[in-house]
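Same chain, two partners: chain A is paired with chain B first, then with chain C.
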Partner chain A sequence: MSALILTLKQLPLGRLDLSPLMPALVSGDISELAALPLQIATQKIPLGELFSVSGSDASQIVLQGDLSRVDGIGAAMQSGSLNVEGNVGAYLGTGLLGGEIHVQGDVGHFAGVAMRKGTIRIKGNAGDYLGGILPGAMQGMAGGQIIVLGDVGERCGDRMRRGAILIGGKVGDYAGSRMLAGTIAAFGGAGKHAGYGMRRGTLMIRGEIHLDATFADCGEHILPITNLLFRSWVKLGSPFGDAAGKSSPVHRFMGDRGADGKGEILLFK
Partner chain B sequence: MLTLLKGGKIVDPTRKLSSVSGDLFMRDGWIVEGPNPGERIDEEIDITGRIVMAGAIDMHTHIGGGKVNIARNMLPEDHRFDPVHRAGLCRSGCGHAAPSTLTTGYRYAAMGYTAGFEPAMLPVNARQAHLEMGDTPIIDKGAYVMLGSDDFLLRLMREGASQERINDYVGFTIASSQALGLKVVNPGGISDFKFNRRALDLDEAHSHYNVTARQIVYTLARALHELKVPHPLHIHASNLGVPGNFQTTLDTITGAEGFPIHLTHIQFHSYGTEGDRKFSSEAAKIAEAINNNPHVSADVGQIMFGQTVTCSGDSMTQHRNAGFGSPKKSVIMDIECDAGCGVVPFKYKDKNFVNALQWAVGLEIFLRVEDPWRIFLTTDHPNGAPFTSYPHLIRLLMDKTFRNDALSRINPDAAAMSTLDSIDREYTLDEIAIMTRSAPAKILGLKDCGHLGPGARADVVVYKEDSDPEKMFTAPEYVFKNGTMVAKNGDIVAVTWGDVHVVKPQFDRSIEKPLGEYFDRHLTQKLGNFKISDDEIRDITNGGGLRVHACERDGRTV
Partner chain C sequence: MNINGVHIEDTFAEAFGMRGTRLLITGENLKWAYHGATALTGFATSVIACGAEAGIERKLDPSETPDGRPGASVLMFATSSKELASQVERRVGQTILTCPTASCFGGLTEGDPIALGKNLRYFGDGWQASKVVNGRRFWRVPVMDGEFVCEETTRMVRAVGGGNFLILTRNSQDALAAAEAAIEAMRKVPNVIMPFPGGVVRSGSKVGSRYKTLPASTNDAFCPTLRGVVKSDLPDEAGCCLEIVIDGLTADDITIAMRVGMQAVCERGRENGVIALSAGNYGGKLGQFHFKLREIMAEGGAQ
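So, the complex of A and B:
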């Protein structure tokens, strides 16, 4: 069987919601895929009118075309792989339950929100609320891994509960805001108010950062756990493997003391 | 425009018609005897063999007012799994437990409901409640305004004001808020909560005003009777959900001293303290009390398993239950001098002992109350379950085998404590029609609703008979509202706007003098702005009308 390839025929005029795709592939027959109704602006249009479909192996899906206005790609995916060749819209991999999503370009806001398992790899940049929370929910990302080579927008990992977000570039303002647990590491610095309202969890930052007054300076330490972590990232290539094997100390700050205060920001080199 | 529905089997308990084959004529929104001499029939629909009933009426459903909006805002995770996209004539919205106004109207209509009544409108929130109801398409609506924990009434009672003076205040409140009835919630308790009280029994004195819940119930029940408001006092009794509260409920019945009363969501008020877990069903005692007291009616507030949201004016109870919320969040609000409210999302689980027993208690009450004219089919939407579960509930009542199957799947300890399996009763179609149409119209004083006689509004539902009542009641073949076909096989085919039902009791306007001073001194608006005019109601109903029902009533029942 060859990979299932969906090619978007043209850039839609409004936002297209592709979130029904993965549940439909799990429960339905691939031959009925062309009839799957998709919401685009105020209308419902069958998938077959928007995409040309080839191949039949739903465990390896390829999306082609200009997907920058397509939201909800890979939402609720359970297994297999999904490869996207260009840029994508918002809500990539919402509520991901397993499998791997690869995006060659940039992704919009809310990628990986409420994900529970699986991996999202992004070559380009990501928008706000990466691995964060669906509006109004109690918990954000609850497991799995997100790896971004480029920069990330604001509120990364908002109310994150478990899992890891690794960022090659800079993470925007309010990184790890209201975080409950989990790990966020950024190799290109952080914006303002990192860890705002975080209760527990770990933010690891290399490069420039401006710390709020609600984080307490706990001094420099050599922590075995960070060395183990750095070593485990070697297989992800540069820059993620760069800190491995140096045994250099990390500078630890605890906060946010405006919340529970059991979170930490570790500055590393 | 004259429409003939030809050859249906008419089920109309108000006129004692039980599946009687006949023709039904509708002219310009009303049901008529037949064509005038020489009049042409414009449209004829063959419904041979179909069951025809009046539009169903939900006499207790939270569809408007502050707390419903809070529930809507609080539950994005619930809406997310039931998105309502714009489709056909219907606009987008959100669904499930606390649907948007538009979705509420569409879903009720598609299910054969043509009226729904908001049971807990706070006077100070009345305008907001009417705006939301005005935005609810197709169905008729109305509201019971809430008193009993409001500062002005409690002051009057503390000062020993005469019943006449209190009647004036009650009449003023009903008329100014454009209500159809009056509700009391945890009498005095919502107010005493603000004085740090966490429970208030029927005969305990309020810690500030020194009046008891029993006095409040009696005073308000009597006020409505003397104002000749058709719907008796709608009572959400004290101690909701507390094990052993059945005694409070029985005492509330005697506390009304023979004045007619309606006990709402009685299921939540029928618990005992027997058994290892000190939680048991006293449904039999409550049902017996209803059977023996013809001046008492009740709606059940059945729970169904699954996610929903509880929203109540009873901030004292909701504060107590906030820790059980799922997802774990809640809003408890103080609302000026009127009362309060509490919203707690809740998930009823069939394997949970308490929830399973609550489910059984509700069904026991349905089946043990003998007179279907005095027991009403409700889930206290959305407190026990969303109203979309009604067809399932109807099947539980009409099909003993189905009911016992469901019983065998709930928590076994709860099933063992319930007497449900020993009840053989199955509701008939006539009885379902009584409790969902004829009886609500009667108890609310809606003379032109709930039946299919000439002079009634042409709110008509045509069902394809089915051995599975759930299927039959989920998507009727045709639904007519004011003579317009609005739904067909569960799809909305026309969006109309229903009327607002109100009463206008007579009272002495001199009450407005002390009230005006009170408003100036204590409230956030002026008395003149508080009053909602008829024109304002007509403005906000999107073209629906204002229907004023007469305040007349026979003598004291007991």
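So, the complex of A and C:
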């Protein structure tokens, strides 16, 4: 069987919600895919009118075309792989339950929100609320891994509960805000108010950072746990594996003392 | 059967089912990893009074450990899963938690999980934190030199304890030399430990005693100083007997270790005072595992 390839025929005028795709592939027949109604602005249009479909292996899906206005790609995906060749819209991999999503370009806001398992790899940049929380929910990302080679917007990992977000570039303001647990590592610095309101969890930052006064300076230490983390990232390549095996000290700050205060920001080299 | 002048008795070693686990101890350098591992496996020769039988399996290179630091691999065995869990916890708590720079990880990928750092974490008094790396949970407990890192659980498997063989020699010097040669060879075998001092035990026991309170007592049949007064199992020329006890993760591991050890003893041969090889058993009634010396040596190529 060859990979299921969906090619967007033309850039839609409004936002296109592709989130019904994955549930439809799990429960339905692939031959009925063309009839799947998709919401675009105020209208419902069958998938077949928007995408040309080829191949039949739903465990490896390829999305082509200009998807920058397509939201909810890979939402609720459970297994397999999903490759996207360009830029995508918002809510990529929402509530991801397994499998791998690869995006060659940039992704919009809210990528990986409420995800529980699986992996999202983004070659370009990501928008705000990466690995964050859905409106009304108590917890954000609850497992899995998000790897971004470029920069990330604001509120990355908002109310994150578990899992890891690795960022090759810079993470924006309020990184790890209201974080409950998990790990966020940025290899190109962080914006303002990192760890704002974080209760537990770890923010690891290499490069420039502006620390709020609600983080207590615990000094420089060699922490064996960083060996475990860095070594587990070696297979992800540069820059994530660069610090492995060095056993160099990290500067530890605990906070946010305005919240539970058991989170930490580790500055590493 | 006779190898290089050494008589192989037609007998078997009797071994028992145990529960076992492997722990990986790492440290800032090999010295401190070994301080931890040595303390962890101290006073763990026999389950009769130590609660567990434990030993260092081998040295670990930094490339083999979860945190990339040098370390030691330790095997620990006990008679029941409950006892093993209790021994792992109290030993790690008293020897690895306390050992400067040391960390502790589970070293088996299969088996039932038992607590490792799961309860030790409460030493952190609320400052403990966990981190999940590649699906494994590690606890970080603040201590006076930084952090004690300990995996939440280790895996426990059904294992075998009490594999053994007896080295009968002319005198004590010959026995020590033969036993040392055996241990040196057996230390290279994976999945086994020899829990006694230097891997060797001199106080082999028999079941029962003339005293009501003792379930076991000295194996008088192999005591050279009693040769004239008890029914002795020592050949006329033998003036000393030492035993090597082996615990292993599987019966096959014990077989390999016994063969390697006995081959090393036989290589020293009659000219170095080795008279015979025998084994300790209880008539075959107590243990599930019987390791027949002649079969083991024949499979190793001996005639």
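Assorted remarks:
Heads up, the rule we're going with is that the second predicted complex is superposed on the first by the 269 of 269 C-alpha atoms of A that agree within 3 Å, B and C clash if a C-alpha of one lies under 4 Å from a C-alpha of the other, contacts with A are read in each partner's own complex, and residues count from 1 in each chain.
Following the convention adopted for this analysis, a residue touches a chain if its C-beta (ideal position, glycine included) is under 8 Å from a C-beta of that chain, and two chains touch if they have at least 3 such contacts.
Just so you know, these numbers come straight off a predicted model, no measurement behind them.
Once the complexes are laid over each other on chain A, chain B and chain C both fit without any clash. In the superposition on chain A, A:Ser232 makes contact with chain C only, not with chain B. Judged by the touch definition given at the top, the superposed model places A:Gln39 against chain B, while chain C stays out of reach. By the touch criterion defined above, A:Val53 lies against neither chain B nor chain C after alignment on the C-alpha atoms of chain A. The partner that reaches more residues of chain A, of the two candidates chain B and chain C, is C.
With chain A used for the fit, chain A forms the apex of an angle whose arms reach the C-alpha centres of chain B and chain C; rounded to a multiple of 10, it measures 110°. The overlay of the two complexes leaves chain B and chain C separated by a minimum Cα distance of 24 Å.
In the superposition on chain A, no residue of chain A contacts both chain B and chain C. Contact residues of chain A toward chain B in the complex are 39, 42, 44, 134-138.
Looking at the complex, you find that chain B touches chain A at residues 74-77, 80, 85-87, 92, 327-329. Residues of chain C that touch chain A in their complex: 26, 62, 66-69, 101, 103, 127, 129, 131-134, 138, 140, 146-147, 149. Chain contact summary for the complex, chain A toward chain C: residues 162, 183, 200, 202, 221-225, 227-229, 231-232, 244-245, 247, 262, 264.
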